[in-house]
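Below, chain A partners chain B and then partners chain C, in two separate complexes.
And now, the complex of A and B:
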């Protein structure tokens, strides 16, 4: 009876909301058909600076709280509540902007373009999570990042992504980071913001294609833990490397590991490393030869990938509006198009000569050639280092949270019997 | 709800035992309702989006069609305007509620998805899967296998990236440095000679090399008429032709329009509006002579863009799809009968002869605008009075010159810089006929009194040195002469036709046609095509004397000169545009 009542109430509430939706169609807003007086155009006041600093303060508090809850309290539930709060504030309330992930581009642009000054709040948004990661691990990912939070919430039935497959997929995040830096450095586009898959949800509006990408991420996220964070997030790439050196970090057990193995499947992000034994002598010799080969391969890969990166400037440079405009104008003038575009019309109105436009576009293309070299070299370096990293043997005595991969969510705490022991001791102490 | 702390204790290791709370099914039902509701909302949002998009696309199309119809049938303006308003209202009614609906739907969807996720999470919390450690793996072997697979996985990533890079490299690149931008932006001489790109065709000569130009048609019966289309707004300018497009302009007190017609069917493809510059005050009230009209100047094209200038001094540029690329106001010209000089193009430049006031006023200019952007590339001062003749680009033996005639100077300019090359002070009066060029000589006429030839190889003031010949004969006041290189044919507006030896100006014959002419004569092969004001084309043998071969009636008055292209003749009557030729 009670169950039936619950069902009825839930259905009634939802149907009531449905009626509101249809009412929108039945009673559209008033039209301009009669005696409509056009309102005076108003310019909204600029966003007050103080809000930016409020955001920074909230970020600082959230990071501090996350560090305390994860490392000191070891409370998954409290961490989850903080994560939901961050999602509501930074995601739905602040519409996903500013975020440290996108701030990478502001910082990059300020480095390469001396006419651009990065706002102090944006700089702090970029730096604070990095500093906290150096001290407390990836607490930003755990409970502050709205992009991570929305994925974490929808995770219903986590499936394990094999270690080897995840190793390959993670290359995407490095490439994404490299491209984002390249496009920001050349003043072409803020790629991360343009293709933020979740911002459309936060703002209740957005490009249909981005919305579809976001929906796809969430659908995958039902079964794969935080797919964007693990395999795409460019900021995650930086946090991963910094968290290797963090002073304090999450440990699965609050005490000594008793090798019960209860935690080995507890992490939906595949960030728990099993104990590893010594290499047999034969394998060790083979591994040494492999490492030597990979060290020789390193400069070759850097050079080859750099060269390949420089060769694709014909495509990458099109991200820059000037190059796109110049190409379009060129094709229009060559008779490939019989119509024009709005940017083309606007350009013609400036009176600038085509030659001048082509010259500007050529200069930008040259930047992309250099940028392509650096991008490719970076990717070559990353690939070579990753190949070496998976070939190096690390001896482990206990089950451990992976230094780079652990996002400090705290899911594994309750799987550890030692944790239960600790909690019961605290309880008794309270009594 | 729920499991106890003991559920995770080592005591339960390896056990399948699961504790199910009393609300397990309720949780699932909540999740199910959330899912169904989400699907319903999502379907409504998508349906609203699709329905709105389809409906709005249809309405937009209808709206555009009606706007074109409005231009084509200005007589129905009131009725059409009402229909357009209704359609626009319908469009807005469809458009405005959509974002609100979508926004509300988005909130509901968010809510229902939250219900769905909460339901599922609730259910999983109630019926929690206990940790079941697998059997011990073969330590080193398994770790070695994982490492090996990871290496392959990374290598596969590298291979994939290389493949993508290869595909990207193969995407064609626009190389700005290979092709000279200027070369790409203007037509070749051959292209110009295949078309009729300005008033009286290439070099403004009124000569066509087409051998298969029609010699027989009748407007009343429709014989030989390929198509006939009403031009929505009147104008006295002549048609120009490029490829499968025919362009004319038209204007009245309310509209300054460019019309593009399909050369094969006569369909009006698009109408371009040129923004009119209004006088700054009532003192400058603008009066237009009826005979001149708002659009007496013939347009010009470089094959990619078309240019039109109107009596108000408003210059407009359109691409071939009808998009207005730029407009420019040169200021309302100080011109006795109203501005009527036609445009010329040289490479990427559109040349405007803008003669105003008297010779001493210093107002007259020759402008060269970049066809691409409308930027003024150069302008040359001309010490001449207002005129109605048009400039020509002449391929002389000493280089390309822009030659323009007015009272009192005939002047030549460097087309690249606008620098004056030579001038001859030899004309007076209201100069309407344009200069023509052949074999080192430029022929000019002074209305009612003089016909002259000037050698074009001079520099500076050539008045005393380079006037090859000058005869005191009644030069035409409107029509431009035509020459085949050997003979010069001149036609006055009251029908006096004369032939001179181009080399020395000796008059060879004259004929009284007893017709009025506004259109300039054209030379097709060895025959003259003379279009009377009544719309009768007199086709006559030019040499050794005037011998009429045929008369073809259009049935409509004509003030414009015909255009010849691709074996067809395009004639603009006072109301209709005609295409004469074979289907």
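And now, the complex of A and C:
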């Protein structure tokens, strides 16, 4: 009797052609009488497998070499050679994937999604440049990052960007980082990879609109030093903050600054700070009032931006495919559309109820509301700190490389007469 | 804002403290994630049971010719004379005439084995991953033809552009040492 029931069920499933995947074979495989040998389906191995730890080793060696060349050897030329080699290896040879910038998202996803485990190699790609930055400054930007390198080699006639303007534009990078983390944490998309402007060059193929964005970045990069690094790069934002605490860092000259001002315009990234000996009395009083005002403003700004962030949820949550699908299905059910989309077809084939889809979408939207609050609060905090930075005065006796802004490219070394003196002394010492 | 020797050391102390704090933080983050991380890399693969053969694989890959190709698992194939993955529905004749073939590039090679069986093999240099044959084979055949990411071609982008465009969520990250998700005979 039970067997009979089984047969009936099996037949019913068989008849349902759409569900053929869960049924027995429609046409049983033949038993051949000839000496026909069934071919095997090939399974070519991923080449990634071979390289992943080689990549980590190369990254470590490149970072060590960059630290040595910038801080000890103090050679712009050697740094440039290393930078071009990195561009060739990580960019054109390894096709720019995976990079530490994109690894932010893998790490974030791994933190928030229990089913995703970040591969060790990717984790090391994320951590190594950060650790090196804490010791030696932004040597990763200087000579290892292929995205930085491709912009650095096209920089022919750098124009200076006013400090206030550059600082304002940098807000884009903070927002980009916050959005990338939000979308990665909710499992919606890897924003940084999707809008990586140079990866199409590395692969010699890709999306046309991204290719156009990449070309625009390079065209702007002819006159503005490393526009992506300075105003967009989300990893650069983290490196900026970490390099403030770095143990060692690039100095324009290791000897005494003679205040000759020759290095003043040598930095295409506006990272050289001129001496500030005394704050004018009037300004000082004004700045004090401004700081007091900002301290009061800080919580207001955070709350306001947080609220604004939570309000954009209906835009941001559409990055998640489930929310998009639920919206579409809702409209289809309401009779707004007579046709359906591929995701709609796929969803209806699964047999999941519409209510359960709405449920899933609403859980995701709630995550976006919370994420929006946090994103907004973060941006409010960044804006407040940026405003405060205008009013904070720090005594500086000499020309110095800005801890956060300096990408350790070593362009300023040769502008310093003290450096030439030092080099000639070393030469004599050797003889 | 009086600068003194004392002030400088205080700043340095603060800086060193922050540096140590950041290092510890990174160490903790790295340790926690390393504990749940996978030793090997992951690669992208299509779950053939979730795939709805929409055709996005052909167009969304960052490569000019998609890394997704159709594969034939011979154990599942019925070796039919009329193959719904090979022949145009209502084909005038069951032969290899171009007008009877479903595949737009002629990537499926049909070869006589013995009466009444024919062997169907994919020429991967011609296959564009359009899934037309997959659709036919899944609907009216055994489903032995299905799409897979071919790892000799795949660049393993951090975010696969086809995965982002996949309507059924069939793209998965799988361990690199088991990089294929073939259909199995037992649950075919």
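Please note the rule applied: the second predicted complex is superposed on the first by the 383 of 431 C-alpha atoms of A that agree within 3 Å, B and C clash if a C-alpha of one lies under 4 Å from a C-alpha of the other, contacts with A are read in each partner's own complex, and residues count from 1 in each chain.
Just so we're on the same page, a residue touches a chain if its C-beta (ideal position, glycine included) is under 8 Å from a C-beta of that chain, and two chains touch if they have at least 3 such contacts.
Keep in mind the model is a prediction, meaning the values are calculated, not measured.
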If you stack the two complexes on chain A, which partner ends up touching A:189: first (chain B), second (chain C), both, or neither? second
Looking at the overlay, what does A:262 touch: chain B (first), chain C (second), both, or neither? first
For A:345, using the defined touch cut-off, is the partner it touches chain B, chain C, both, or neither? Pick first, second, both or neither. both
When the two structures are overlaid on chain A, which partner does A:105 contact: first (chain B), second (chain C), both, or neither? second
Regarding the shared-chain residue A:366, is it in contact with chain B (first), chain C (second), both, or neither? neither
Which partner chains sit in contact with A:205 here, chain B, chain C, both or neither? Use first/second/both/neither. both
Output check: A:116 vs chain B and chain C. Expected answer is one of first, second, both, neither. What do you get? second
From the superposed pair, tell me which chain A residues show up as contacts to chain B and also as contacts to chain C. 17-18, 20-21, 24-25, 28-29, 32-33, 205, 279, 345, 347, 349, 393
Along chain B, where are the residues that touch chain A in the complex? 5, 8-10, 13, 23, 25-26, 29-30, 33-34, 37, 40-41, 44, 48, 89, 92-93, 96-97, 99-108, 110-112, 115, 117, 120-121, 124, 131-134, 139-140, 143-144, 146-147, 149-158, 161-162, 165, 168-169, 171-174, 176-177, 179, 181-182, 184-185, 303-304, 319-321, 323-326, 370, 372-375
Per the contact definition, I'd like the list of chain A residues that touch chain B in the complex. 3, 6-7, 10-11, 14, 17-18, 20-21, 24-25, 28-29, 31-33, 153-154, 156-157, 162-165, 167-168, 171, 175, 201, 204-205, 260-266, 276-277, 279-280, 283, 301, 305, 308-309, 311-312, 314-315, 326-327, 330-335, 338-340, 345, 347-355, 358-359, 361-362, 379, 383, 386-387, 390-391, 393, 414-415, 417, 420, 423-424
Per the touch rule, the chain A residues reaching chain C in their complex are 17-18, 20-30, 32-34, 36, 38-41, 43-49, 52, 95, 97-99, 102-103, 105-107, 110-111, 116-123, 127, 130-131, 134, 189-190, 193-194, 200, 203, 205-207, 242, 244-247, 279, 284, 321, 341-343, 345-347, 349, 393, 395
Residues of chain C that touch chain A when the two form their complex: 1, 3, 15-16, 18-19, 22-23, 26, 29-30, 33-34, 36-43, 49-50, 52, 54, 56, 62-64, 71-80, 113-114, 117, 119, 121, 138-143, 150-152, 154-159, 161, 164, 167-169, 173, 176-177, 179-180, 182, 185, 187-188
